[in-house]
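Look for chain A in each of the two complexes below; its partner is chain B in the first and chain C in the second.
Then we have the complex of A and B:
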């Protein structure tokens, strides 16, 4: 009998203690961000899908179409092709596509690139209704970018 | 999948089979449990696996060993860095690569942050299963801080691919160190709040104490490791039992329980967060300068013929990688021993004769991550 009442008392007290915590939280500042009206600043180290960098000094990318990234990729999601053109030293990049549906963002391609031509984009709001929307043409993207 | 269900002669005690899952909220993923109920008592349980099988082990046999790193994170999405750690360690062991000391420190700090993150998610989700909605809001608030800290160095929030063979992909900076220290202070100040809000709560105690009791003997029979085993009083933790990386340098305790019930493993996990904070603190204090990549890592990582093993302590128990190599850069066979698989196998024995709502308590205490079971 005695233990019944002591348990009743400690039990009720534990509930009151818990309520105290929630009541305190009720008057404390909001911690959530009201997305999409508010957005947090994404860290520059965020790994989105890869992109070719447009270098300011030349106004172009630095890809030499060596295909290192294509070979290093664990999921075979990069396709790089280049061709030899007259009067131009080295190969000229003709195709650079990324199948983002297969990419696992490991970063092997960025690290292996001999000319450091690749970087992660900071795009995180990716949603689509078809697979093709995630087949990125990186060469087109770098040419269209200012 | 058929179960031998015999109708009893007395109609009032008729048994019936209930499907719990594969979309039941308390199974956290696609685990299906066939329950044979008699009234509200679970008389027979049968976990059904295979809904999330992705052939990870087979995939490993078809590409260079180091390319398997992103897959390890997908096995246990809550302990991704620890899975990275085990695999990086395995290949370093196999190829004989010496890792710089700074790398080991960074690995330990980030792994322990990852462990806390995993425990915080379990804490919230488990209480959600038990019907308490509020605590998950608090634990996710804390967890968000870890995700932000880790996102800043690893670039991702959940399925990290941060460790490399012989190093890590990015060095930690002053911002990481101050951010982590601030987080340690914050989480420590939040523990008393959790004690008040959750741990002392009478409803929680009534639902966990004496539910799903395990003994060290049962654990040994099923190969149960991690907080469940420690809840029975066996202080078995890979970080102490077979110290890997630089864990032998740190001073921390292995929290243990005595009864082996759900409350014991609950408290073990809760206290483990504090111990992880202690490890992080010591590692931050002793963080040496240096390179973040081993000097000589061959581009094509050839693994000498033979078999190799590497074990680490994942949030849910012991994780082992076992690799057999034929001398090429592609593994001949890679076997992954994940803790949740063994932990799950005890369910039929542990939950037999329990009330249905206690089955939810007991299953939540296992802290199951289904993609790790079905890998």
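Then we have the complex of A and C:
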């Protein structure tokens, strides 16, 4: 008989506590983001596909076309080519492409780069209907970036 | 012809009442459907429907059009007549209780002496419709949903009736207008708090809503009694559910919260409907609130709670009420 009433009161009390939790949630601001209209800032730790960095002091990338990244890549998805030009010290980069369909995002290329010219991009809206859309021309991307 | 002219005003009155009833049933379903989804969203810290119209206010209109456009599939092994008949049986009786509800002092379809009995009798037809629909579907899940619905509704109708009976003993009338009139100094929620609590719990079970929504428990029974229903025949069940919510909340308002009484407004015989609707929708907000707070009970817990707690307490409450009425 005693447990009959104590169960009733503890049960009723827990129900009231439950209602308190949900009413608090009802009046607190929403946490979801309405994606196409609102976007959150991407965390700096995010590892998208690799990208050449445009350095502010020179206004250009620092790739020396050494090809370390191409050799280091376990998936063979980077192609780098450079050529000697008259009056320019070292090689000039002519082709830097990434086949993102094969990339496993291991980051070996970023780590091996002697001039620290590579970094991860914060690109996350990646969807396409053909696989050619994921063959990125990183040289063109770095030139077009303002 | 003479008789026709004599009953003409009454006929016009019936037509107006029926139209108003239909407006309330459909308008209530629109408002509650939207409010339910919005409140559910905000309780889960998300915005709810946002796409159709500003803050998704046209979502329910679009949903209604979609449901009307859908094909009504009748399963091959189902009873074709009863299967089609059940949604209509669920939906049709919800209009009649609206005719006897006293929305304000002068806004009332018909003030019947047996108003409460009309409401309770017609509200329980909904269960019969669920029984027919689930049986005619010829589907295990529907049948199990119906088993649960029937045992649950039969059990919870007893405390509901007993709690209302306590008020009826005090007012000595089944007429809803008389019950409202009897609450002019104090509302019956003050005198009969236990009856109000019991009634509140019972109506959650009567309208088959969470945490007592075992007849349509999706984790065990896919959708319970309306598993096989699609399109408009499904939405008739939903419309009936919301209309039933409105009716039971109105009965709670009339019996415990003083009906249309409140702070006087100009033309209070008519504008009392504002207070009435405010109370009804506060109760319905409470029903939505508990739906999104509590997890579904187990079936034995549900039945234990009714037979071990609600019915004994309702009986004791009734007994005390009777003794007090006799003594005072």
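Quick note on the criterion: the second predicted complex is superposed on the first by the 115 of 146 C-alpha atoms of A that agree within 3 Å, B and C clash if a C-alpha of one lies under 4 Å from a C-alpha of the other, contacts with A are read in each partner's own complex, and residues count from 1 in each chain.
Definition applied: contacts are C-beta pairs under 8 Å (C-beta built on N, C-alpha and C of every residue); 3 or more make two chains touch, one makes a residue touch a chain.
The structure displayed is predicted, hence computed values, not measured ones.
When both complexes are superposed, which of chain B and chain C contacts more residues belonging to chain A?
B
Kindly classify A:22 by the partners it touches after superposition: chain B alone (first), chain C alone (second), both, or neither?
Touch status of A:22: both partners.
Of the partners chain B and chain C, which touch A:43 in the superposed model: first, second, both, neither?
First partner only, chain B.
With both complexes superposed on chain A, which partner does A:130 reach: first (chain B), second (chain C), both or neither?
Neither chain B nor chain C is touched by A:130.
Quick check on the superposed pair: does A:31 touch chain B, chain C, both, or neither? Answer first, second, both or neither.
So A:31 meets both chain B and chain C here.
Where does A:3 make contact in the superposed view: on chain B (first), on chain C (second), on both, or on neither?
neither
Is A:58 in contact with chain B, with chain C, with both, or with neither (first, second, both, neither)?
Neither partner.
Enumerate the residues of chain A that count as touching chain B in its complex and touching chain C in the other.
Common interface on chain A, chain B vs chain C: 15, 18, 21-22, 25, 31.
Which residues, counting only chain A, touch chain B once they are in their complex?
7, 10-12, 14-15, 17-18, 20-22, 25, 31, 43, 45-47, 72, 74-75, 104-108, 111, 120
What part of chain C is in contact with chain A in the complex they form?
Residues 39, 41-47, 50, 289-290, 292-294, 308-309.
Touching chain C in the complex: which residues of chain A?
4, 8, 15, 18-19, 21-23, 25-26, 28-32, 34
If we count contacts the way the header does, which residues on chain B are in touch with chain A in the complex?
On the chain B side, the touching residues are 63, 67-71, 74, 134, 138, 141, 144, 148, 151-156, 159, 161, 164, 169-170, 193, 196-198, 200-203.
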